[in-house]
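Should a chain be cited, it is by its letter among A, B, C and D, assigned in written order, with residues numbered from 1 in that chain.
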Amino acid sequence: MELGLIGLGKMGGNMRERIRRAGHTVVGYDRNPELSDVPSLQALVESLKGPRVVWVMVPAGAPTQATIDELAGLLSPGDVVVDGGNSRWTDDEKHAAELAERGIGFVDCGVSGGVWGLENGYALMYGGDEENVAKVQPVFDALKPAGDFGSVHAGKVGAGHFAKMVHNGIEYAMMQAYAEGWELLEAVDSVTDVREVFRSWREGTVIRSWLLDLAVNALDEDEHLEKLRGFAQDSGEGRWTVEAAIDHAVPLPAITASLFARFSSRQDDSPAMKMIAALRNQFGGHAVEAAGSSDTK
Amino acid sequence: MELGLIGLGKMGGNMRERIRRAGHTVVGYDRNPELSDVPSLQALVESLKGPRVVWVMVPAGAPTQATIDELAGLLSPGDVVVDGGNSRWTDDEKHAAELAERGIGFVDCGVSGGVWGLENGYALMYGGDEENVAKVQPVFDALKPAGDFGSVHAGKVGAGHFAKMVHNGIEYAMMQAYAEGWELLEAVDSVTDVREVFRSWREGTVIRSWLLDLAVNALDEDEHLEKLRGFAQDSGEGRWTVEAAIDHAVPLPAITASLFARFSSRQDDSPAMKMIAALRNQFGGHAVEAAGSSDTK
Amino acid sequence: MELGLIGLGKMGGNMRERIRRAGHTVVGYDRNPELSDVPSLQALVESLKGPRVVWVMVPAGAPTQATIDELAGLLSPGDVVVDGGNSRWTDDEKHAAELAERGIGFVDCGVSGGVWGLENGYALMYGGDEENVAKVQPVFDALKPAGDFGSVHAGKVGAGHFAKMVHNGIEYAMMQAYAEGWELLEAVDSVTDVREVFRSWREGTVIRSWLLDLAVNALDEDEHLEKLRGFAQDSGEGRWTVEAAIDHAVPLPAITASLFARFSSRQDDSPAMKMIAALRNQFGGHAVEAAGSSDTK
Amino acid sequence: MELGLIGLGKMGGNMRERIRRAGHTVVGYDRNPELSDVPSLQALVESLKGPRVVWVMVPAGAPTQATIDELAGLLSPGDVVVDGGNSRWTDDEKHAAELAERGIGFVDCGVSGGVWGLENGYALMYGGDEENVAKVQPVFDALKPAGDFGSVHAGKVGAGHFAKMVHNGIEYAMMQAYAEGWELLEAVDSVTDVREVFRSWREGTVIRSWLLDLAVNALDEDEHLEKLRGFAQDSGEGRWTVEAAIDHAVPLPAITASLFARFSSRQDDSPAMKMIAALRNQFGGHAVEAAGSSDTK
């Protein structure tokens, strides 16, 4: 089949390659003319026979909104837009409604795979009507991993991004789990080879996983991670997971702890802990040093 | 080689079988005469040629202590005792010292594998001197999984149980991660097939793991887990992980949150939340119902 | 001065009384004619001499929005609307802009005090321009407690509700602090009179507070809180505090833990813990009972 | 009455003064001869008429143990030892048993008051038999604050230190509550005077407390706490509170979060967050910078 693909960065470029390897035609557009197959969105749309499928793979928020706005004016009834970026699930219904006014279908798709996706396939979670999903199915089949798993029609519009968001929330807490365990093992004297402990866990344990394999890779490059700062960004999806949980009164203590650990990692100094230090000083002694050195109250 | 194996319950019985399949001789003892190969610990010890290796696989605490005390009187210098149970790592040095007084070696070994171990092998984490470990190595090789991983000499005496304990701590937080994600997905209307979302994650995602495979198995048996109570025991190892972290001033927010979630799951009613309800009543209104229905303060 | 006051429920009714006791004229309106001084909002507006100050004390969200919409059509340039309800701070800028189009000023005010406010005064945190705040100042002075503290011009429009929201977030964690301590004391045998321990803390300790006084009151009514369920509602403000923290990448572990504890308290059974139970069953044994009774893996 | 007081540091010295002001005789001993009233423990014991009351106010652990050991050899049946230091409650039964062998009574007493105690009185929580407590009662009455509250016979031996330990656990979470709220208020632009917001809360709010008063004092000295590092020590009591909770399967999420925040505050860099950064790098891109700047997976 034919696919229009908008956004040819690290993710989009590899996805174009994987879809082409599966025998499909991909017309790619990127603002960067060196990456782009066509000079404009309009040219992309005109190069596809209807009913068209156009996959949007640009940053969430304003870039995605602008792209969908422009596509709404260029596409025809019966065409389908797929948002494969990291949009917040709450945007999906708005985008679907905007396109539906012109008879254009919408499917949201969360994509996981990173730098490994080109070779191993991308995990896909998508949401939307059966009819629209069916039009995109050959592309989903080309992108997904080769095995029995890796793609799912998760539900209605928004369900794809929601499921991908929860995937990332789980990912945060799993990473935190290994990170906490690693820190504790590194802290004790009796365990003399933490890296080999991690390596051994790759088989026969309850905690074997792909993330564990990656942890071993990382430790093989830098046994005590001395070349790295303990500094971790967070994407929107971890935050949105907690916000969604609050909306539904679902307690997420481990995922939220993992998000907060990242927030803290980016603070040079903790304002909250300044207040703790100040209070200890107030009730425990006049000098900050005294407060720190004695806690008898 | 020859091995004496004490404790032939679910774990020990399967381990005996796996070691025998590897061609070794195992003399097993259990308090239950129907399971036991010999009538007594003394008979077990007498049936082995020196230097003997005796593997203790009984519950942590008093039963392990009693067994080691008895072995101390029966074994000879140069023999080695392996504690393969779930002992707290702080017990290992005591046991090693007790046995060393009589020239008997000691190795501690954390074992992971559960009901899957007989077929897939047991993950092993052990601690002790090279010399003592070498005497047990053929048994470790028989028990471990077939691949390149799954066993490790983690360090000094105590390191094996410590590593296994941290493994379990990580396991707690990984399980909590999936559990939180599952609860959130089940809470929203747009995601219409949570089980298929979990199944899809088995390939191509960042969060693929053996625990995820088990989660899919569980959902295949009971799609919404309606047959289960949300009630989870905890073994000592989760608690000990947090205690070890406190000893070393290592923050473990996700693992600890997972442990506390289990504590809460076993309470019919939360005393703490009674106090919250009482306080809201005090400042918000005179009736508990009024306190619950209005939060304007 | 004259004040129009809309919403004469438990809070608004007492506030009317306190303002009147200070010698001001209050014209109150409520949908319930038995509480209302005037038959309609229009009658309320007509009964006040300009420049008018109208205080809105109705539930946050749609009721407040509807009231402000109606006032926008009734009031005149130079009048001021005060939103004293529990509105989310993000609504305040919208309300201020809507009213500013017609030359009407806006002040947001978070109010704390509950059932104690009539006698002790209400703590007030307000936001807005100096000019608008000045028009409301006599009412603030009437409502606030008698001492040196209890009211603050916190900043720009929205700052009042933001400060009140953070007050409530702090309140959540303080209540949780006492609740956790109480539960732990009740759990041990050696402490034979927990209520008297709490009572003793009212003087000379680091943790003496008004909330502690209330806790003692509650324990005097019901020593072990046996008449209460451990079930706690949460108002929007706890949730908003966490959301605001996420927006600003501020870690709030204790406040968030307190919010999640309330969520959990309202669940008959925890879906997440069903998943934990299911996973333990999968790797630890075939029967759920077996999984629960043995944790050796 | 007569009291022997051992340990005349910041706490002990002020306590001697307060007890003397109440008209009692205090014979003080300190290793530092400049502080001491007598040259030795033996001299202290000999200077008191029986039945003697000797109050131990030295650091927990080895110093307290050594003092009690020495007193066991010096005192007579019917005498009473009070441990007023910060001993772990689990030590109290051991000390009581050791002394009981010689007919000497034991009372444990948790003391709160810090630098404010001399003037305001010390909050006291004590445990032990009625008979022994009665012998110390005049000293308790001298030390406690002037009002109706501030001292309690909490229960059996150990109950005093346990109650004081829980007091400190609650204190941790209350301090964290204010600290988190302060950090969030400082993070937003609309709130232009955070210090005045805190000051206003001193009256009429739900969160008014002595700790809040101290926070205002601290902000008056340094409005944005710029002179302080966000670095907080923890005493043993916060750790013991969490350990006691684990022993009793009591969830303490807010108190534990507060403890872990202190642990984190003392780390120059977080090992756990190094692992998070390493994992993000592994699955998200080859360069650490790339991993940090893009989170699309």
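Rule of thumb we're sticking to: contacts are C-beta pairs under 8 Å (C-beta built on N, C-alpha and C of every residue); 3 or more make two chains touch, one makes a residue touch a chain.
This is a predicted model, so every value here is computed, not measured.
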Farthest-lying chain, centroid of Cα atoms versus that of chain B: C
For chain B and chain D, let me know how many angstrom lie between their CA-based centres, rounded off. 35
Whole-Å gap between the CA centroids of chain A and chain D: 45
Using mean CA coordinates as chain centres, what's the gap between chain C and chain D in Å? 32
Touching two or more other chains - residue numbers and ranges from chain A: 112-114, 168, 176, 178, 180, 183, 187, 206, 211, 234, 250-253, 257, 260-261, 264, 272, 283, 297
Classify the chain contact graph as line, ring, star, complete or other. complete
Seen from chain B, its contact residues with chain A in the complex are 89, 112-114, 117, 120-125, 127, 144-145, 147-159, 162-163, 166-174, 176-178, 180-181, 183-185, 187-193, 196-197, 199-212, 241, 244-245, 248, 250-255, 257-258, 260-261
The residues of chain D that touch chain B in their complex are 206, 234, 239, 242-243, 246, 249-253, 256-257, 259-261, 263-264, 266, 272, 283, 297
So in the complex, the part of chain B that touches chain C is made up of which residues? 10-11, 85-86, 111-116, 168, 175-176, 178-180, 182-183, 186-187, 211, 214-215, 217-219, 222, 225, 228-235, 237, 253, 257, 261-262, 264-265, 267, 269-286, 288, 292-297
